[in-house]
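One chain, chain A, links the two complexes that follow: it is found with chain B in the first and with chain C in the second.
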Partner chain A sequence: MSRRSPDLVGLAAGIAAVALGGLLALDRDGAITLGAGWIAVAACAAAGVVLVTSGLMDRRD
Partner chain B sequence: MGAGDEQRSAGGLRRDPEAGLVAGVLAGVGERVGVDPLLVRILFLVLVVASGGLLLVAYALAWAILPGGPAGEGERGATAPPADAPGPGRRRRGRLALGVGLLMLAVLLSFRELGIWWSDALAWPLVLAAAGVALLWRQSVADGTELDAVPTAAPSPTAPAPDRRRERRASLLRLYRGGFGVALVLGAALLFLFANDTLGAARDVAVTAIVIGVAAALILAPFLWRLGRKLAAERAERIRTQEKAELAAHLHDSVLQTLTLMQKRAGEPEEVAALARRQERELRSWLAGEDGEEGDGFAGALTAAAEQVEDAHRTAVEVVIVGDCELDERGSALVGAAREALTNAAKFAGPPISLYAEVEDGRIEAYVRDRGTGFDPAAVNAGRRGISESIVGRMERNGGSAEISSGDHGTEVQLRIDRDGA
Partner chain C sequence: MNEEEKDAQTESAPKRLLRSDDDRMLAGVAGGLADYFGLDPIIFRIAFGVSVLFGGLGLVVYLALTLFVPLDDGSEHPQAIAQRSNWTALLAIGFLLLIAIPAIGGGLIWGDGPGSLFWIAVPIAAAVAAWAVVRDRGGWRGGGKTLGAVLLALLAATVFASLALTAALLTAVGEGVAVAVGLSIAGVLLIALAVLGLGRWLILPVAAIALGASAAAASDFDLEGGIGERTYQPAGFSEIPADGYQLGIGELVIDLRDIEWAGRTLELDARLGMGEAVIAVPERVCVTGDAEARVGEMAVAGQRLEGVDLELPDRAAPKAGPALELDASLDVGALRVVNDDAVDVLRERGGGANSLDDNVLRERNTEACSR
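Here is the complex of A and B:
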């Protein structure tokens, strides 16, 4: 029986989305205060992680 | 499309640019989950508003990551990718570069939020200028590599149309990249001036410079246009001359040599008919654009050339070849020159004739020797094209050299050429 390797790009995108959503939820809840600057940092980091993962995975394939 | 794309798309999400309004991400999602794309679009708009626009970033990400085309195209693309599709390596490198750029931007923004920062007026123009310079530098390195790889001969007019389309597309892409790099650097300069409240003064200077530049361009335009046309005409003439010389060398080596042999053997009708048939076959295959050289590589082609001379002149040629390589344009030129030198040795000196060739990492050398009475190369009639065109001219046109030393002990022809890509 063959095992499918996990879709690491999808996994990275999911983790990034969950982390981003978690931050926004905490901000909404008032537990932390995120300014526009920090939201931009989080969005750029999430997008960057997903793109780098995608690029690296393609090279491995 | 990369292998990774195909793997993901086999059971999964793809963009559908044909059915989409922007990049086909939502149309692909609708097709994947079996929902009308219109409903997906409405839901997306609601979510964009609710998330304060953050979902647009996700859309851009999906645009960059998801493979394009309707489901099933991956399988076709695996065997016959469309001519204008970006290569998998380029897509991957583009994603990596964009990803690294975004991560660096995130780090810079973090420093800014933490207060470890000089000033917006300095840092952002520097970031923009660095990106533009990186793009221009990469472009200039790529151009330099391509220039090094330009063949010495004229481009073949019979090159397949997809190759020409790809070349045109690549040149447009280079122009676009170069323009984008210049725009980034100029944008950085303007941003710096604006942020430092000096744009007004700079604007006056810039307007003055632009007006002077336009006036100079109007004055110089006719001269530049004529210069451009002259250079193009000179290049075309140079290419025509080279092609004519190659044609003359080929006809000399094949048709003229065969006609000479036929005259020599006029008393042997069967031999003359065989020579004529062989020449006809060779000429037809040459006119059809087929490679006239036999054998798998350089060594095979050189051996075949020596055998042809042996057959045609009924003489023995001792062949020693050390090493081998693919038969490219330069190798073919050396084989042609060696064949002509062997033919001359068979015609004017007779046995023993030897051919020694050595293929090294960076170059190929060949020596054709005979023990005839020799001749004075400087005294050869200018109308005779064998040495001047078929040997020396052919080697020089292809970036090589030919030296002929002759005396009472015999004649030696030394042929040297650098290998392609070495």
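Here is the complex of A and C:
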């Protein structure tokens, strides 16, 4: 039976989603206060991680 | 033009900006820009991705470049007109809808009338662009399947927009923790599927939830208090809640003209997330206190402000006489405080309050506050 290789883009997106979700949960709960600037930075970082991974995967292919 | 002529022209002519045919994730815009400027396409992809998060400017630029920059035919020449005319026309319609409808309406997102069609124009434009990309990639070339492809793309764009909007609204009404936990759970599911080499499609819905939740959390919109039309006409001070009145989305009318004011000062909190709030007081009551709005319009006893980050200067309360000491905040919409005994604020849901003369209200309030 053939086995698929892991999808690194999906993996990066999942990790980014977990991290961003955790930060937002802490912020909404009041445990930390991120503010608009840091939320924007976190969201951009999450998007950036996925795009960079995707770009690197495309290059490897 | 044969290949030799093309090559000769390529050597003599300056390099032309073309969308890349072989280095592309969507429409080849980033790949084309990278080739033109001699940079890594990742730079442009990240720049587009990041710029979309700030007002959607990157989306408009990307669509414009997709529309106006021709696709490379594989030999550093633009694709022939005949090959691109069909989808270019459709893409042009979507792009013009995106730009023109909000402009005609006079309001980008929250405007009345045609301006509110922005939310229809966006998925249409996105759907047409998605369909164009699919055609570029060689899928759905059969004419009979074109409609199906467009509908599928429209459905996907609508689902994405709906998910983002739902996540934003839930976050804004105080369910931010649940949305964030849901995002993390979706992320875990995505990781599990990715390890098995599956589930890349799940990235888009997860991205939509992340986008909506992040935007709502960053803007810190407060839509707690529910949705709907609320009218309050307290007959006395005792009927006014200590924490004031609060509404998430909708129309809030607070009519304080049935109260026996005597010489008292009423401290009133009023909060509205999105919509219109009208507060009516008797003519002899001095209106003081703070009022602020993020986006929209404020008219407090004749003092009118419009735009972004509005704040009315505080006014000292009178030494004697009845006064309303206001602490009002509005995220998006209109806030009107009218000091008029006759206007019917309940008619047309407060619309009558907007027909009063600002000068009259202002002079009336100055007189009431100078007692």
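To be clear about the criterion, the second predicted complex is superposed on the first by the 60 of 61 C-alpha atoms of A that agree within 3 Å, B and C clash if a C-alpha of one lies under 4 Å from a C-alpha of the other, contacts with A are read in each partner's own complex, and residues count from 1 in each chain.
Everything below uses one rule, namely that a residue touches a chain if its C-beta (ideal position, glycine included) is under 8 Å from a C-beta of that chain, and two chains touch if they have at least 3 such contacts.
It should be emphasised that the depicted structure is a prediction, and the values quoted were computed from it without experimental measurement.
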item: Partner chain(s) touched by A:Ser54 [first = chain B, second = chain C, both, neither]; value: both
item: Partner chain(s) touched by A:Pro6 [first = chain B, second = chain C, both, neither]; value: second
item: Contacts of A:Ile32 with chain B and chain C, given as first, second, both or neither; value: neither
item: Superposition-derived comparison: chain B or chain C, residues of chain A touched; value: C
item: Which superposed partner A:Ile15 touches (first chain B, second chain C, both, neither); value: second
item: First, second, both or neither for A:Ala40, with chain B first and chain C second; value: both
item: Set intersection of chain A contacts, chain C complex versus chain B complex; value: 7, 9-10, 13, 17, 20, 24, 39-40, 42-44, 46-48, 50-52, 54-56, 58
item: Contacting residues of chain A [partner chain B, same complex]; value: 7, 9-10, 13, 17, 20, 24, 35, 37-61
item: Complex contacts: residues of chain B adjacent to chain A; value: 2-5, 7-8, 12, 54, 57-58, 60-61, 64-65, 88, 91-93, 95-96, 98-106, 109-110, 112-113
item: List of chain A residues in touch with chain C within their complex; value: 3-11, 13-25, 27-29, 34, 36, 39-40, 42-44, 46-48, 50-52, 54-56, 58
item: Residues of chain C defined as touching chain A within the complex; value: 23, 25, 40-42, 45-46, 49-50, 53-54, 171, 176-177, 179-200, 202-203, 206-207, 210-211, 213-214, 217-220
